[in-house]
Amino acid sequence: EKSEKPSLRKKVLATPVARKMAKDLGVDITLVKGSGTMGRVMKEDIKNFHSSDNKKK
Amino acid sequence: MLTEIYDPLKGEMFQVMDQTGTIVNKDYMPEISDELILKMYRTMMLSRTQDEKSLQYQRQGRMLTFAPSMGQEGVQVASAAAIEKTDWVSSAFRENATWLWLGQPMENLFLYWIGSEEGSRIPEDVNLLPIAVPIGTQCNHAVGIGMSIKFRKQNSVVLAYIGDGGTSEGEFYEAINYAGAMNTPNIFIIQNNQFAISTPRSLQTKAKTLAQKGVAAGIPCIQVDGNDIFAVYAAVKEAVERGRNGEGPTLIEAVTYRIGPHTTADDPTIYRTDEYHQEMLKTDPIIRTKNYMIEKGIWDDEKETSLKEELENLVEETFKKIEQTPDTSLEDIFKYTYAEMTENLKEQYEEYKAFLQRRDK
Amino acid sequence: MAVLNNIEALNQSLMQMMETDDTIIVFGEDSGFEGGVFRVTKGLQEKFGKERCFDTPLTEAGIVGSGIGMAITGLKPVAEIQFQGFVFPAMNQIMIHAARMRNRSRGRFTVPMVIRMPYGGAVRALEHHSESIEALFAHIPGLKVVIPSNPYDTKGLMISAIKDPDPVIFLEPKRLYRAFKQEIPDEIYEVPIGKARVLQEGEDITVVAWGAMIPECQKAITMLKENNVSVDLIDLRTISPIDKETISQSVKKTGRFLVVHEAVKSFGAGAELISIVNEKAFLSLEAPPSRLTGFDVTVPLAKGEHHFIVNPEKIKNKIMELINF
Amino acid sequence: MLTEIYDPLKGEMFQVMDQTGTIVNKDYMPEISDELILKMYRTMMLSRTQDEKSLQYQRQGRMLTFAPSMGQEGVQVASAAAIEKTDWVSSAFRENATWLWLGQPMENLFLYWIGSEEGSRIPEDVNLLPIAVPIGTQCNHAVGIGMSIKFRKQNSVVLAYIGDGGTSEGEFYEAINYAGAMNTPNIFIIQNNQFAISTPRSLQTKAKTLAQKGVAAGIPCIQVDGNDIFAVYAAVKEAVERGRNGEGPTLIEAVTYRIGPHTTADDPTIYRTDEYHQEMLKTDPIIRTKNYMIEKGIWDDEKETSLKEELENLVEETFKKIEQTPDTSLEDIFKYTYAEMTENLKEQYEEYKAFLQRRDK
Amino acid sequence: MAVLNNIEALNQSLMQMMETDDTIIVFGEDSGFEGGVFRVTKGLQEKFGKERCFDTPLTEAGIVGSGIGMAITGLKPVAEIQFQGFVFPAMNQIMIHAARMRNRSRGRFTVPMVIRMPYGGAVRALEHHSESIEALFAHIPGLKVVIPSNPYDTKGLMISAIKDPDPVIFLEPKRLYRAFKQEIPDEIYEVPIGKARVLQEGEDITVVAWGAMIPECQKAITMLKENNVSVDLIDLRTISPIDKETISQSVKKTGRFLVVHEAVKSFGAGAELISIVNEKAFLSLEAPPSRLTGFDVTVPLAKGEHHFIVNPEKIKNKIMELINF
């Protein structure tokens, strides 16, 4: 249902592949800071976010 | 040759029986058995009954838009009676009496007008193409069939029908010209019913007759009284012989009148005066044929009454049966686009079926 | 302000434009005396005479071809093709002459002509009376293609089409002809060709549609309120040239895109819109930009047409699918 | 009325001057000044010279595919000479002598055949439509112009040209029929040059003449010797009068011969025997006209030689000038699709321009 | 095995099929005596007689319309339209009869017909001799649309088209007619309609093209070696029905997609392919699925055509743009 939707309507720029990667890794893509043009979230950004997130745990 | 005797350029129209049902042109009265005349009359009456009932059904919301043939049963039946089972017919959309004569079941006709493609599934033993709505297009199909026949050295001919309005379409001309050039066994019948929807015959062309359009194709042509079954029968028979003898196509203009509306969506009172309409009703081929038969002693009021009753019952029974037809199945929507359903179509079909199943759960 | 349906809006726009510009000529099969099979041109012959509104012989190639000749010599033809399904005999004239005369002659000859035709299905009609072939026209450079969805736009777009210096294919959803009435201005006004209209704003998904699909989308959107889904609904109004800006702005906001059309799916206008969304808003996409359309079959006759027609239920279902992607 | 005197259905062809240049039909010799004859001859010669040179240029790879008018200059010039500057012309693609006569600059003609749309930018004071390649389509444009003229109560007429092959297209017939129905001031000229590419006239139709196709539209029609400038001139003049008098359209079949190939891509030796070709060459309108003029004492060898030289120089100069034309600019590719470039086109234009700039850096 | 160009491959396939099946009839304008303006049907009349290979009058509607009549009555017509630009007078017959006869008659009447036409541009031709309008046909349910790019496929696809029980629009890139030769089998063989072919495998991007664009793509790919870019090149071969599987498999692997076609951009076949990629491989996309096409203008005459034509340089540029997205 609709509750699955990303939080708070925050819109991010990302390719479908990056979005899928985030989803697969359990990363909320809206929390990732994008390093690409116009703040686009790159795959690297997600990977970094994920590993730093893991380290924190 | 009738086409040589009656010159449309001189305004000559071929008629055998006048408006009262009297034979006025004995020399050209075709050889025709009483039995055949009675059969023609029956089919004319059947078609008329079907149209009249259909108009009622349509008003009652039990049928969709349809195009009645009333008034044109004479040319339709007489032309169809002049060909054989092995010949072919390519018609437009207002040839109900022809279709009945050829053996297209009334069930199919009703099916078509209540919105089912099954109505266009012509029986295997009937050489008739489905209704062609786009004006003029059916004529080139007829040429192609003519070419097939010629190629196979068969002895058949092809009848194609078109309306007065239809003669203004390029395809009509392309077909008669092509048939002439290829010398195919084609007979083109213009049912000049005076109107193309609201547009009178006079606005279609400056040509005095529609028959003379055959001159452009260099093929024999003739104008006949289309409400005179004997004239139509004789003219078509001659054209059929020409076709079978390898002498190529013929163009016949049959002058007739559309008694009803263009379709049930049309209101002819907008563009036809009652006076004109009443005058034209006098040319009705059914009345004329009946008069002839009564005069000849092969028909009477009693027979008329019992025929009417029989046909009304037949039409009613048939329609009631057809009316029960369920909606077209989802599979049938997809199944006939190609010989085999493409992956793409399978996908659309399965997806929608799944949606319906989910929904209906 | 008068309350008019689409037929009346068309009739009024023609009437008013013919009053102001006596080079406008209206014609087609049965368009004169009886005012057309749908009565769109009713009263025009009576008012402006047979020279300005007339019945033609049954010749679509002649109607469009002669219209081109008229337009080149300074008249403004508004030609009627009785149903879109019967436009094919005129395709040659439309696609290889009307569309190209300006380019061919480097602007020396132009074809400011409107070609009107009743369009679309769901009216339980005979074969060839239900198709939607806007994509065929839209693929041809030099043509503009317009499809209004309500009386206000109908009048404004018709007036713009008549004033337009290039040929405009004006497709009239016959299902909407008399479907509802609307209060519209009495005076002459224009709705610009090439501009879509945001009918309602929302956050979750962009839906683009046109013609008779608009009311269906609106019904779906009402149904979706209970799912807490809000929709940016865009009435495209002009199929060619497409208003890419309005669409891409919306998709950048919503991240989701659905185009709904009556025409068959493959190689339809929906594909073009999806491509535009990819070109303009790719990085905003949270779900595949999608289409909901007719199936890739000949439009079924009445007894099967309900399967084919896109309805609010199908739209709602598709939107939820994309929301939950 | 010539159209009443010469009946194509009886195989009658209107001729004034025979193949040798002798006037054989004095009664119908049109009133025509020596000056006009000389001007016609000059234009015929100019067109012929242009075609001959063009064939060379094409072989040298300096021109693209083109369609020569050689052999048809007579009908083209004489028909164009029979109308006024205020009349209109809608032609096909093989009317070079007509175009020259009307004032379409030879520069434009060359531009067209070397692949520039600028060649179809007809001068503002020339009432001529651009070349129409799709067969038959130009005829309905002519009807529309005829309707404009009628609507504005102008006194003009419209000439439309079509080939023998073109008469098999539906649009040809739709146009003549429509013009008849609307009673527009149209003149349709069939240039029957015996071939449509490789297809001989005999395969196009069973009609004995192409003129008789006018019967289908109910309009006056006549077959003329198309290589006889006097017959063509007289027949067109009469049709022009008819048009100006509000008496509607006329169809004229001009019997002529295409001396050259269909286009430079065509090899006529495949489908025409040399014997036939040599025979047909004798009908050449230029030779015939020259003979007439010499006989009449208004022409001689000296004049011929100097005219030839003058025209050859003119053609060469013109072509050399045109040959230098630069390629079409990128902007011109986009600029003429609509009155104003759409956002979509601007985007494509700018994007490609940027690409070229990046590349050329 | 003989070494043939595309014209010869067509000629051979017709010759061989006519030998095996005497219901095959070949006709069109100039198709008989001289063997067609491109000589595709050369020698057929001589070999099989005027009854099986003949010249028609100049009537495209007649050619296709009569073909429909022949097909319905059991013949197998292979009709030629002299150039694709002249098919419009036959659009009515193709789109509303050939495509629909099976559906209309519920399978009672079918139209197993091939309609051949020289297609595409870059041959410095006159107006109407350079267009690419495959998208118009592909939008019509009931038609199949085929465009071969080499003699092997040309022969195999023509044989399949003749054997196909439904109408096939067979588009022959005239630029490739005599462009190169290929060794192809002497015997009758089929190349299946509806199956794309992976011409070369790569990792970085999927490129789909057809007809005369294939050699151009191949040149671009060679140029791209120095950029270390490897390409999955797919020859679509059939425009309708599209082989979605081959394309989506490839895009799932490469994550990037480019379609290259000669036709104008908007509402072209490229849009359909992009939509399919969105439907089937959305989550694999690393860059917007894109198209490189002709501009949205009438194909320019020779002096401007070079701007319009898609060439290896343009292709390389576009691929690099997508790689670097």
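Every chain is named by a letter (A, B, C, D and E) in the order it is written, and numbering of its residues begins at 1.
Note that contacts are C-beta pairs under 8 Å (C-beta built on N, C-alpha and C of every residue); 3 or more make two chains touch, one makes a residue touch a chain.
This one's a predicted model, so the numbers in the text were calculated from it and none came from an experiment.
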Touch-network distance, chain A to chain E, counted in steps: 1
Chains in simultaneous contact with chain B and chain C: D, E
Pair joined by the larger number of C-beta contacts - A-C, B-E: B-E
Whole-Å gap between the CA centroids of chain A and chain B: 69
Whole-Å gap between the CA centroids of chain A and chain D: 70
Whole-Å separation of chain centres (CA-atom averages), chain D against chain E: 36
Distance from chain D to chain C - Cα centre to Cα centre, in angstrom: 40
Junction residues of chain B - those touching two or more other chains: 117, 134, 168-171, 174, 177-178, 181, 203-205, 332, 337, 344
Junction residues of chain E - those touching two or more other chains: 57, 59, 61-62, 85, 88-89, 92, 96, 103-104, 127-128, 141-142, 242, 266, 282, 285, 287, 296-298
Junction residues of chain A - those touching two or more other chains: 15-16, 19
Pairs of chains satisfying the touch condition: A-C, A-E, B-C, B-D, B-E, C-D, C-E, D-E
Complex contacts: residues of chain A adjacent to chain E: 15-17, 19-20
Complex contact set, residues of chain B against chain E: 88, 90, 117-118, 120-122, 124, 129-130, 132, 134, 137, 139-149, 151, 170-171, 174-175, 177-178, 181, 332, 336-339, 342-344
Chain E partner contacts - residues on chain C that touch it in the complex: 85, 88-89, 91-92, 95-96, 99-100, 103-104, 127-128, 133, 135-136, 138-139, 141-142, 240, 242, 263-264, 266-272, 274-275, 278-279, 282, 285, 287-291, 296-298
Residue ranges of chain B touching chain D (in the complex, touch as defined): 9, 168-174, 177-178, 180-181, 183, 203-208, 212-219, 248
Chain C to chain D touching residues, read off their complex: 25, 51, 56-57, 59, 61-62, 64-75, 77, 89, 92-93, 96-97, 101-110, 141-142, 144, 165-166, 194, 241-242, 244-245
